[in-house]
Amino acid sequence: MMIIMKANATPQQTEAVIAQIKEMGLAVHLSQGVEATIIGAIGETHNIPTERFESFDGVELVQRITQPYKLASRQFHPEDSLIPVDGFNVGGNEIAVIAGPCSVESRSQIIETAIAVKEAGACALRGGVFKPRTSPYAFQGLGEEGLELLAEAREKTGLPIVVEIMSQVQLDMMLKYVDVFQVGARNMQNFNLLRALGETRTPVLLKRGLSASVEELLMSAEYILAGGNQRVMLCERGIRTFETSTRNTTDINSIPVLKNLTHLPVILDPSHSTGHANYVAAVARAAIAAGADGIIVEVHPDPAKAVSDGKQSLKPEAFAAMVKQVGQIAQIMGRGVASVQGQYSPVKQGWA
Amino acid sequence: MMIIMKANATPQQTEAVIAQIKEMGLAVHLSQGVEATIIGAIGETHNIPTERFESFDGVELVQRITQPYKLASRQFHPEDSLIPVDGFNVGGNEIAVIAGPCSVESRSQIIETAIAVKEAGACALRGGVFKPRTSPYAFQGLGEEGLELLAEAREKTGLPIVVEIMSQVQLDMMLKYVDVFQVGARNMQNFNLLRALGETRTPVLLKRGLSASVEELLMSAEYILAGGNQRVMLCERGIRTFETSTRNTTDINSIPVLKNLTHLPVILDPSHSTGHANYVAAVARAAIAAGADGIIVEVHPDPAKAVSDGKQSLKPEAFAAMVKQVGQIAQIMGRGVASVQGQYSPVKQGWA
Amino acid sequence: MMIIMKANATPQQTEAVIAQIKEMGLAVHLSQGVEATIIGAIGETHNIPTERFESFDGVELVQRITQPYKLASRQFHPEDSLIPVDGFNVGGNEIAVIAGPCSVESRSQIIETAIAVKEAGACALRGGVFKPRTSPYAFQGLGEEGLELLAEAREKTGLPIVVEIMSQVQLDMMLKYVDVFQVGARNMQNFNLLRALGETRTPVLLKRGLSASVEELLMSAEYILAGGNQRVMLCERGIRTFETSTRNTTDINSIPVLKNLTHLPVILDPSHSTGHANYVAAVARAAIAAGADGIIVEVHPDPAKAVSDGKQSLKPEAFAAMVKQVGQIAQIMGRGVASVQGQYSPVKQGWA
Amino acid sequence: MMIIMKANATPQQTEAVIAQIKEMGLAVHLSQGVEATIIGAIGETHNIPTERFESFDGVELVQRITQPYKLASRQFHPEDSLIPVDGFNVGGNEIAVIAGPCSVESRSQIIETAIAVKEAGACALRGGVFKPRTSPYAFQGLGEEGLELLAEAREKTGLPIVVEIMSQVQLDMMLKYVDVFQVGARNMQNFNLLRALGETRTPVLLKRGLSASVEELLMSAEYILAGGNQRVMLCERGIRTFETSTRNTTDINSIPVLKNLTHLPVILDPSHSTGHANYVAAVARAAIAAGADGIIVEVHPDPAKAVSDGKQSLKPEAFAAMVKQVGQIAQIMGRGVASVQGQYSPVKQGWA
């Protein structure tokens, strides 16, 4: 970390900064130039916010050289991390295709969807039972009843289940059912929840917040990793911009940027990142072409009847066509599409 | 709510929409124009998301006429709401000036700050004891110990205390101490937390999310109001944009927009909305001139020693100067600055 | 166009709106519902801004049903437009790969680059001679001398040349040299320039502005089309958002959105949309997978020596590798990569 | 300027950077730390883009210490600049209130408006004759005929006139009429236009682009200043963000930020920055409270009849009420409102 002093900073101001650096157990490297005095703080600086020095009198700016995260960083862990789910890993040569409805609505809906997405080539089933809805009057999910239906669908198809958790209060109960926890965009900086998930060994699919930077996404991953849970997948799901022709703006750049900065797998959610069923396949193909490790897609047997996200949900036929295209792009990228054997045999999960 | 059908929509598609509207207990008003068929859904539509119809085949677009919130709406409640805190109300003729450090750090720090901001004219003391930090390695707050220090500062100065809550798990414990709950920007859509706060009668200062629209802020307020807690104040604290010369972009437009749309009081936080101590006073003055009902400002006796937000914290002298200016602007607006008598006598709070 | 009156609008206010609609030569369709009176304006409404009615007393909101552009709309022109350049068309089965340096710097630089990109599979050469630089002190381009060098490079390689125009004042001179005019992001709403280009028959590559919506991009295309020049290609080059890990945010959604809304070809510029040479290939592949009709890429023989955009310029070897990958993705999409025969034979261009 | 080398940069890579710095006539200050080698480039670096070094192999990042502009910088020119217009200066103790219609529409409209705004306390008249319209089908302005009408209104009222210029082609003709040139948001980076204006001595009101940073606004001002025209006023007119409740988002922070960074006067345009007549007065008051040197406001005798911007135009009575409020806030700020004597006597303008 470099602290650049103002041209007119006094020696006392420079000394105050140096004293603070030493108090933190770091080494100091002083460089007195003509235009500016630069103070280097050397050692374990990833855990020091730049603001710690920005409020000192005489400081012009503080520049971080090393990243503010460590466990998530590819510098620290050069090889790709593989996240074992159930018979397949996320992050390796196989593309994960996760699919299912926005919300679990009924027994027939989730079973029918599970069978359809399995046949079309999905390797995991998604379905929400606690729904973060903008309106207090909107459907809020089936709760534990929905989890039981998901477990039944898993039983029938062998597909492991991916379910959103909204609060650490739900953790104990959900651990009994869930193969992969999803943390939604609105909870990406719910630090209490992240810390709680860090104490489990269940994989976490961590979605980028609506206006979170790539670096903030990695910092949130760091919360989970720091707790000891290494099974974290990141998920680009579109960011909020001025453009209104789609629900969100898919930040496709984030795929190569994240693959460069971190060893964690990166998934893309084209349903939320576009908000329109018509655009999902194009963006799913783009994701794989850009190097993503998988996609998570909303599928509903009858989107017009969906209680939520119908507009962006694919019908099973459209989903099947998309999986074929994604498979072809994966091949160009030297990869395949992950599949499950129909026999559910999860890896060891639950509390650490 | 109006559902506009595509020019080439079939009669069956129109019928399907009409059937759905009737199933929801709403009346239908059909208007068959040359360019488009428009279906009006009439009745209590504020609780129906537009997406409920957007996924029907043949639908071009869905246009809401009434707002998607009701309890927060000025249409439903034309008079300004007054939120009683302690000897003063927020939302009436008196401007609330809330001040204090970002984090409670020590007994001397919080007591010293409380006395200084009281003398300068503040009517409430802010101080964080659970801190939502981007980095898992940053200071996370003193917890309940911090609340005890805040209570002691309140005892000494008579200033009621405003404290951020991060999770519904903290609610029971915090209720024993807190006069006003603050919900931070990162938790504006932590719906579990909002619902829990709706079951109390303690005032809530609800901050706008980094990329939340004004409408979403009001929807989050609606969660608390729907639970029965009418004591909600809204807080503009800057939004995330492309501009990097300040930490956030103060959306000053949101002040008159919110005052137009809702009866709830509107506060502005110039410390977070600018991120620089040098710009706080200018934006605080602008807030009052634009019609805000108060400001919440970070003050620290020695910003360079602050464990968080030092860069944007005012020294007590600068804060006192700012309160004077704010008072003069308030006078032009036909208002005064709220003050407390030094004798703490809170309104009835806690669980409903 | 629908004008929705406020619930409490007076009959006089409604009459005033109706009178205005009739004055514009449009038909009126009145629908008096319980919650709202809706006035439909029927006829050629694409050329009427919604603001024309928004200022009438009693108006709640104005909703456009038809698009505000016509010549650019796929509704009006369902088949894909093919833009003939030189031996190849943009917008059909062949992907256009346009490449070259940000700025023409010297004879050897542009000739060397032209030969290299031709060998690697490009079908056109880009190179700037008038540079829109943020700083008045930065290199502003070689002007006409640069055009002569580009013409020489075209002579040597057969590659048609794509050059940015910054002002209608440059048009006469540039027409003598240029095969495709590029309109840069900063000039997307330089309407005088767009109108002037509409009077030529030279193809125009119109870049999306930094914060332009997809609809505004189409409106700018409409300016050129309305002048009679049908040879317009659109170019996504990244939009400005809060994310700072890349120079801009590639809006990959815009590819399927534009292909849906318009018949005009859509190109993507991964050099500007990422700003880092390392990320260009991933985003170029994504563009083609999403359905783009081509890419425009910055290539420099020695990026460290480039006077502008070195950071995002590919070395010729990296460009050649990228073209191979793009070709493979194109094949999956049922397309090929356009090529030129080495004999320059432009289509009829210049003034209409 | 500091160039920070990667931890694993080779001595050759460091040498290459040093050689380039020396070639530019700058001095080198080398600091070899444990974590990083930092190369300082010392001298006139404001005119060197950071990208000039970012493309060198081995470079981690380039950090500018001095600003990339010079003539616009307060460091270079600590005192506030006063821009003489006609009997009053912009940038001193007097607040400038500029008002008038979006477009000049007719003789009666502009004369009537001029008289009304003069009576209400405006010191200059705005009115567009060339209109940058998103749609090619919208009203594009009266051209020179409009300028004649403006000149007549000036004759009648003594108010100097502020008129938007869209292209350097219009400059010669407009110089005969105009007291202050306005450069619109869409032309903030029309560098040919800026350079042309730099060769005149007529004051320029330069509006911030829709997605331009504060720094980019200052760089555009630098283009005009570098040409020798010191009469530049900056104008905040709202930026484009995700928020849709207003047309743009007023960046009120930019007022104190600009007053800190530059000596040039700063004006705010609450009509465009909000887009709603109802919100204009609140934001105008906020602007003056934040330290702005003036406001520019759209006023129309009959907004419902306005051919453009009717929604955001004030009626004369509302404008008069706003001027009163603005005057009261100005007094708190130790300032007054500028006025003209009714006798038009412009300062020397036109070509340098």
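Labels A, B, C and D are assigned to the chains in the order they are written; within every chain, residues are numbered from 1.
Note that in this section a contact is a pair of C-beta atoms (placed from the backbone, for glycine too) under 8 Å apart; a residue touches a chain by one contact, two chains touch by 3 or more.
These figures come from a predicted structure and were not determined experimentally.
Asks: Give the touching-connected groups of chains that are left after chain A is excluded, with no other chain moved.
Replies: Once chain A drops out of the picture, we keep one piece.
Asks: Starting from the Cα centroid of chain D, hunt down the chain whose centroid lies farthest away.
Replies: Max centre-to-centre separation from chain D belongs to A.
Asks: For chain B and chain C, let me know how many angstrom lie between their CA-based centres, rounded off.
Replies: Centre separation, chain B to chain C: 41 Å.
Asks: In whole angstrom, how far does the Cα centroid of chain A sit from the Cα centroid of chain B?
Replies: Those two chain centres are 27 Å apart.
Asks: If you average the CA atoms of chain A and of chain C, how far apart do the two points sit, in angstrom?
Replies: Here the centre of chain C sits 33 Å away from the centre of chain A.
Asks: What residues in chain D touch two or more of the other chains?
Replies: Chain D, residues with two or more chain partners: 211, 240-242, 244.
Asks: Please name which positions on chain B make contact with chain A in the complex.
Replies: The contact residues of chain B facing chain A are 16, 46-49, 51-52, 54-57, 68-69, 132-138, 166-169, 186-187, 189-195, 209-211, 216, 219-220, 222-223, 226, 240, 303-304, 306-311, 313.
Asks: Looking at the complex, which residues from chain B come into contact with chain C?
Replies: Interface residues on chain B, with respect to chain C: 2, 4, 27, 29, 31, 33-36, 38, 40, 42, 60-61, 63, 65-66, 211, 240-242, 244.
Asks: Which bits of chain A are touching chain C when the two form their complex?
Replies: For this pair, the touching residues of chain A are 211, 213-215, 238-239, 241-246, 249-257, 260, 273-274, 278-279, 282-283, 285-291, 325, 328-329, 332.
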